[in-house]
């Protein structure tokens, strides 16, 4: 049965013991997004074509955040990540400009990398906001969610999309 | 005119020079949320009533992330924060259980704390996910956005809500 | 024969080579404490019963510090911790109120986690001090010591208590 | 009246707002100690006279920890330290060998540096333990306490010693 | 008379007290370089023209390292940097391909930013090495030196170049 | 064929996937140096003979930086270092005083420790500069380069010296 396993007997938080879990290959993919206005969309695109690149800074921020996940999330186990990748896609519909972010993380370890993928996607989105906030502070980040995970005893997880 | 001020002449990123900006009091409020299923909602509530407290761990994670914003967001200026607070609210409608997160950050400095508030709210939400993911990995984080800022030359900013 | 193995030939510090040590399960338990006055004792207890919880913040600080031990202690090897737990106990005798802290750390690695347990207990105690210092700055931390370790070539270690 | 000011209305932790506190010079001194056996005492002394120096590594660890206090202690405000110093003294009585550690920290800021001084003294002591634990794991750290503080609205604090 | 001011009376390191130094605007510029072979030169240039950009990753690494200088250099004071910029130039002579790196850092504070500029330039160069080492490990970093500083009581400093 | 493997298809940086690389013992040695004037040379030597020790602080900075390499270099994989050592040598020729720095790093992992050795040597050199810059800011760091590596699929690497 599922349970909030981060809580110990006295109701206080602990980093759960994973010593007896097997070392296996594990992957996770997380999605986030930033909805921007037309001016920001146009400027990021121009920057991407030229030399400046909002997405590049954001991507590097995401990768570094993935490595620091155990510092940011208190009960996360430190994990030696073996690969991190961030991909972008623009979804332009009528007057809305949405930058889709997909973060993929791999490890060979005793626990999964869901938090690393979610933290990577979040830091990437936050950095896009930071790079563009002088133009408009009305950008909206997310929804942010886990798209897929593989490996580990709890089995694989996958969701089609987050249609809202 | 507004511009992507993080890019220097050669199109590469820099931390913009704020030496000539005035030191003033600045505040920012950011919103995030986590949509959970009924089982998680019930367990968090029970923990909140008893001694264990998902929200407490999440809140502390948010406060610590606010302090580390300049480490997470590459072009952010380091700022000596003078106050950080995180508040929660549950919005329960029919079959949906949404934990609203509001992060408030203050400083007296040369630039605003929008990124600190957004990073705080994001880390809080990510930690809620981490604490509860053994129950269900289908939680959805966000939308995450700036609700309000005050202080600084660019003036105040405020948005009613993010109704989507 | 025992020796100060952190020093190299020229008398300068180095991180000793553990490449040839075996990967085994290792645990360590460390003890610390904070002696507080009656007012603090009463307020912490009240907070523990309600929703606010000095011990919860302190415990999270301890767990995060355990993960950062290799950043705090210069010659410590970085270790992928597999579990961290912090427990509390109040010892009230006549006019003295002592909060006992026990930190337990586990890893599967090439070297022990004594420093992680001691750092965890110390950060927990320091955070108790920080949370309560507005009431009284006369609190006393410690003694802090290793209670027990298992695993590794140097064998197990255990001490009954530290009666002083 | 004194109060646990780190707790907000809902009983959850926050970083208290210090925006309205004055910027003044502030100092703090904290004491810790490590009780070692004769073999360790002799070896540290020999190292100090020769080229290797346990105390030097410990001292540097203490100074770096002082700078990282706001990362280690969750509700601590980040402060731009203007000076940190660590001094040692040996107290040898009959069969006990005690290394006294005194950490002194200065800042010009809106809040005091008690936690920085206590964290500095603790990290210094922990590093002494780490450097010498191959010889004996029975060392005892502390008591650790605030000796003195100056500056700020709450006034000066001083204690003669911690005779136990 | 000049002196190694980082050492205290007992010959051990301390973070020198700057409480009485004035808060003024301070700048520093540091130079580093990476000498690469023709294949790496050609590939970086191609990447710079297209979308991939070794220099962009390196530049971001430099900026983030500037912010972390007080964590990397033990006796450095933490400083709230107000601006960081990294510029590149290629010097191609006969068979040698040298990437020149110039880091510029600004603050308004009690001490200079020479170390921040030097650390920024070094991290930028190290990252260029990391990005290209799969092609050739024979790259040479530096010489690395301070080109210029302004502000502060010790006066301005400037050197024409480092012709060796 | 060699390639800039840090770039993904869209020309943006990623942390390359090393999941399928073998876990083997790996070592790397890197060289850096600091050229100082006679006054600094004399004072460092005196400090080394007495109790203060520029080299000791620098060495500790180098070891700690080796452990933080994956935080400083964006695309570096986190690695559990098993040993780090820093050695010094003075080369005095006519009017030039050069402090040679050699950093040696070991791990058992999926990728090499070249960046850890280079980062260690660089941080050591930067710290020497920081400790002595009150005497003279004209010191020159480097050249900094990889001297040797062993282990891993790409084979061993070695260079005689860097005679320029």
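Order as written gives the chain letters A, B, C, D, E and F; numbering starts at 1 within each chain.
Please note the rule applied: a residue touches a chain if its C-beta (ideal position, glycine included) is under 8 Å from a C-beta of that chain, and two chains touch if they have at least 3 such contacts.
Model, not experiment: these values are computed from the prediction.
**Q** Fewest touch steps from chain B to chain E?
**A** Between chain B and chain E, the shortest chain-hopping route counts 1.
**Q** Identify the chains adjacent to both chain B and chain F in the sense defined at the top.
**A** A chain counts here if it touches both chain B and chain F, which gives A, C, D, E.
**Q** Of the pairs B-C, D-E or C-D, which one shares over half of its contact pairs with B-E?
**A** More than half of its contact pairs match B-E, so it is D-E.
**Q** Regarding the chain C and chain D pair, does the interface count as same (over half of residue numbers shared) or different (under half shared)?
**A** same
**Q** Angle of the rotation mapping chain D onto its copy chain E, from a C-alpha fit, rounded to a multiple of 5 degrees, please.
**A** For the C-alpha superposition of chain D onto chain E, the angle is 120 degrees.
**Q** Please compute the C-alpha centroid of chain A, do the same for chain B, then give the distance between them in whole Å.
**A** 15
**Q** With chain centres defined as C-alpha means, what is the inter-centre distance between chain A and chain E in Å?
**A** A distance of 31 Å separates the two centres.
**Q** Note the residues in chain B that touch 2 or more other chains, in rising order.
**A** Those would be 10, 12-13, 51, 53, 56-57, 60, 64, 68, 71, 74-75, 80.
**Q** Does the chain-touch network form a line, ring, star, complete graph or other?
**A** other
**Q** Mind giving me all the chain pairs that touch?
**A** A-B, A-C, A-E, A-F, B-C, B-D, B-E, C-D, C-F, D-E, D-F, E-F
**Q** Could you please specify the touching residues of chain C with respect to chain A in the complex?
**A** 25, 53, 55-56, 59-60, 63-64, 66-68, 80-88, 106-108
**Q** Can you name the residues of chain E that touch chain A in the complex?
**A** Answer in residue numbers: 48, 51, 53, 56-57, 60, 64.
**Q** Tell me, which parts of chain D touch chain B in their complex?
**A** Where chain D meets chain B, its residues are 8, 10, 12-19, 70-71, 74-75, 77-80, 109-110.
**Q** Which positions of chain D touch chain C when the two form their complex?
**A** Result: residues 2-7, 10-13, 32, 39, 43-44, 47, 50-54, 56-57, 60-61, 64-65, 68, 71-76, 114-115, 118-119, 122-123, 125-127, 129-146, 149, 154, 157, 159, 162, 164 of chain D touch chain C.
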